[in-house]
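Here the chain labels run A, B, C and D in written order, and each chain numbers its own residues starting at 1.
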Amino acid sequence: MNNDKASLSEMLIVALARTIRDGEVGFTGLATGGAAALYAAAIPLAAMQLARLTHAPNLTILLSGWCLNPQLERIDIMPDSEFDESLHDLPCEAQMLAYPGQYAHKRGDIDFGFSSGVQVDAVGNLNSVCIGDYRRPKVRLVGPILQPEHMAFFQREYIMAPHHDRRNFVERVDYISGVGYPGGVAGRKELGLDWGGPELVFTPKCIFGFDKEHGRMRVHTIHPGVSTEHLRESTGFDLGDLADVPETPLPSPEELEVLRREVDPRGMLTGRRV
Amino acid sequence: MPERTSKLCPLRDAAELVKDGARIAIGGFAIYQHPMAFLHELVRQGRRDLTVVGVANGNDVDLLAGAGCLKRVESSYVGLEKYGLARNFRRKVENGELEIVDYPELLSWDRFRASQENMTFWPASFLGGSDILRYNPDIKEFPCPLTGRRLWAVPPAAPEVVVIHAILGDTYGNVLVPSRRLLPQSLDITLSRSCDTLIVTVERIVDTDEIVRLAHLNEIPAFRTTCIVEVPWGAHPCPVLGHYRTDDAHFREYTGSSHTDEGFQDYLERYVYGIRDHAAYLEAVGMETLTPLKTGDAFPAEPSRQYLPDKRGAAP
Amino acid sequence: MNNDKASLSEMLIVALARTIRDGEVGFTGLATGGAAALYAAAIPLAAMQLARLTHAPNLTILLSGWCLNPQLERIDIMPDSEFDESLHDLPCEAQMLAYPGQYAHKRGDIDFGFSSGVQVDAVGNLNSVCIGDYRRPKVRLVGPILQPEHMAFFQREYIMAPHHDRRNFVERVDYISGVGYPGGVAGRKELGLDWGGPELVFTPKCIFGFDKEHGRMRVHTIHPGVSTEHLRESTGFDLGDLADVPETPLPSPEELEVLRREVDPRGMLTGRRV
Amino acid sequence: MPERTSKLCPLRDAAELVKDGARIAIGGFAIYQHPMAFLHELVRQGRRDLTVVGVANGNDVDLLAGAGCLKRVESSYVGLEKYGLARNFRRKVENGELEIVDYPELLSWDRFRASQENMTFWPASFLGGSDILRYNPDIKEFPCPLTGRRLWAVPPAAPEVVVIHAILGDTYGNVLVPSRRLLPQSLDITLSRSCDTLIVTVERIVDTDEIVRLAHLNEIPAFRTTCIVEVPWGAHPCPVLGHYRTDDAHFREYTGSSHTDEGFQDYLERYVYGIRDHAAYLEAVGMETLTPLKTGDAFPAEPSRQYLPDKRGAAP
């Protein structure tokens, strides 16, 4: 079994884990439903746990934003809500039960977090508020939630996109609930955003990075088996020259071994059947 | 010695403290621990043009939206988490029948802190570039008086009435919040300190001796409470942490019915309009449904005070 | 014993108790040392307890600012510090263990409190910061402590003065740490103080009130046995016409009975030997 | 699996994090639970020109003032409660050798909250008419951007280094605060969140298992802590709530000695300069003095980890 080829999830987990540095604080929420839960919670958690076991022993995991360094190996099924009674009993190092609490998000205590949006645009803005006109929307969504804080106060943000289609990756979002790089890093500064912003975007088809000077998203790596034409067709903004874009690297055998044996032996996070 | 005044009050009278057009905040968070029995009573009384100011709302706002009670909502989230979008709310907003003002989540909490501290605004540093600003004329840019930094003044939540649901209280209005709490319970505490009129519905009224025994858990002292109402299962179908679980089947019935206005009117007929009061609601839901929802109790009850509606008869 | 004449403390306790209304929230600190402790804590506590037993059953007592409705009858000796371990064990209805806590002082939740100062002046300003020039003081005192909050946010303030001499009651304090009525109520409004301020001043010689329009202190009642000349000599500002000033009223037999039998049977608060 | 990094550190090295001229905040309140062993070490190392920013200070500031370590103090109170005025502090201020900036008490706490929340100022509404304003050019008047109301912008506390004393922590820097707490312990928590460099001295280092068992009391997670030092009796002569009482006799010796500069230099010679380290301090004070100060323990110790300086030898 452990010689199987890496799955898409495993590839993303490992790529993400490699970008996490020792001593950081990572914040993840919880979400419900297959792909959404996988990208919003399971992949981030598995990546953090993998980083911790390989090169970042001092990483702090902030599960659901309030459960610090949970003993993830004690979870049988992935919890599907952030204030579930069962999470309260999960052994961990600290619980943040009041706000403001043990971390000072406005001081920049959080090194990285994970967001998703129904729309993401070419400069990395996020939208979870509405599709269409704000006053008479075609679809009213849930609202900005914690996105504005994620995209302003966290030192960097990973955008997790369970779906990669033209309707998700648009030239301009219909409502900016999380601010990307309009005008690049200088543009953010002018807006009063001294740090933070999206760093990478993980999708089922590629990983995006950012040209932070000009503020535009660019393809960082393409997943094996995805053609550049298919990627262009699935994306609502111009991707520029894709000639030199490398393939998303595969996990090393060692990483896969730690991931499968120690991080997620029961396949709860990767959805891998055991 | 003169007698201390009881603040115990029937649900009906408590709901009358919320007038048409009032600005209210509702305890709980998303789909957790809302004072649902109280909201049902508001719907039954036909309240109109309410503004709800909140942090993260769910079936509380969706119910009031579907029953036509709302004019405006200020929040960071209106949704039903694993049960999907809040369909009544969504329909009303898409039809232009309900105004929604979007705020970031922790800033929404800060707005209640501003009210708790009587601040005329809350200073935020991080709104630049977001459409929060574009659609909200109540927020004003200003320079930091000390550093010149660009900041935004955000209006306080300023609820006229706050209603929360808790496990225990006494007749004078003291309310305990168990040490076994999570952020939603802490938010209720902030809410309770942000207003002049505070209504608390509780699962159970206890003797003040019990309050004294657990004084370190008394987060809402009597003087802050306007009235207190005993409403067992008062958050159903939401869970109460340390008391009972979500009624998953009821939530599915609720969301199923809310696909259309007509479907939701049927739901309201079944559980609100066609029902006399909360005791009748519990009969309609059925103890055979409720009892299995019980969890370990944060405050183990004295057996004599356990709520058995079929034995006590009168409605709270 | 219970037919004894009322002591000075008892007279002040009763006069104070009569001004407390049902349903109010009263805040008292704790202090150390004979007269200071008597005026700062014992008289206020006894008056609140007396009010509660006679006409204000819904009074909330905030002992030390954090212990709500303590069962005072359980105290054997008066605690002499606000965060004493023993106070933690005193049965009460609520404990405020974090700030901000159960009461919102900035919203005006506190109806009345008690202050003292080394100097009090003719408009009711208080000083606990320094005597002499601020930069090179003759005596440096402890600092403003909670006085600014008391004199601005509490609905009214009782000033408790254990000593009544020219050096305590001055025309102008050397440092205003608690603001009285400069310019009267209108003057306070201009300063941004929408409510609050000193209401009465209790001393061993008299009770002062305020002409709130002009903002000056005036003698409300003179204690029995104190001559108007002696009062003038002991006070560093002009007292105006004292011809019509009544004597401080004595407790009724009923009040004295409740005070001695129920409020303070062991004489702990009134210092009365039992 | 790579090893997690220990943040355990000798007192001497921890004290070196506070540089001459630094702006520091000291845990505790008035005469309670100050990190006295740490302050003794600062004095021993001859630190100069410190600014202490605090809420209510006592023998912490008085010691540093008497030892000539201070340039400036920002606080609402410097005094010794039942032991009277802080005489070293008073003498320095009256001689013009120490600058004091007076702030109201709860506003001083708000200043730390401003730092915790990275606010560039804290808005206060109640300073009009007071001499707080007259002598403090750091506070600026401004109109509320929403209501026009007259307000004052107060600078954040902005400590460079915070030092607090607690009962328990682990080697990674997790620190527990017992549920049996009072406002001074809550203030320590606020302080710990207001800075980038946080030093915690603790009575006892425990296994991380114990932290996990009491995770709801972990108010300072490891990532916020810069270094942690095991210093039994580290607050003496102050009390530690849930651990030991005030050493009343020592406080009287202290205040008696502080009537004059000369007298206080003798005190320092006896307990600081003439003493190698904290273990030697405890020998100088004597276990026969310390042991009777013990109270019921908020965290009952495993017997094997109880501190017996005569048996363990090495100084922390």
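FYI, contacts are C-beta pairs under 8 Å (C-beta built on N, C-alpha and C of every residue); 3 or more make two chains touch, one makes a residue touch a chain.
Since we're looking at a predicted model, the values are computed, not measured.
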{"item": "Which of A-D and C-D has more C-beta contact pairs", "value": "C-D"}
{"item": "Chain C and chain D, separation of their C-alpha mean positions in angstrom", "value": "32"}
{"item": "Chain centre separation in whole Å, for chain C relative to chain A (CA means)", "value": "59"}
{"item": "Euclidean distance of C-alpha centroids - chain B vs chain C, Å", "value": "40"}
{"item": "Where chain B touches two or more other chains at once, by residue number", "value": "118-119, 125, 149, 151, 216"}
{"item": "Residues of chain C touching at least two other chains", "value": "97, 106"}
{"item": "Topology of the chain contact graph, where touching chains are joined (line, ring, star, complete, other)", "value": "other"}
{"item": "Chains grouped in pairs wherever the two touch, ordered by label", "value": "A-B, A-D, B-C, B-D, C-D"}
{"item": "List of chain C residues in touch with chain D within their complex", "value": "32-33, 66, 80-81, 83, 85, 88, 96-99, 105-106, 129, 134-149, 152-153, 175-179, 182, 187-188, 190-193"}
{"item": "Residues of chain D that touch chain A when the two form their complex", "value": "1-5, 116-119, 172, 174, 193-194, 208, 211-212, 215-216, 218-224"}
{"item": "Partner chain D, residues of chain A touching it in the complex", "value": "23, 25, 53-58, 60, 68-69, 71, 91-95, 97, 100, 102-104, 106-109"}
{"item": "Interfacial residue positions of chain B with respect to chain D in the complex", "value": "118-121, 123, 125, 138, 140-142, 144-147, 149, 151, 153, 155, 179, 216"}
{"item": "Complex interface listing, chain D residues touching chain C", "value": "29-32, 56, 75-79, 81-82, 85-86, 89-90, 93-94, 96, 100, 102-107, 109, 125-132, 135, 149-151, 180-187, 189-190, 239, 241-242, 245, 295"}
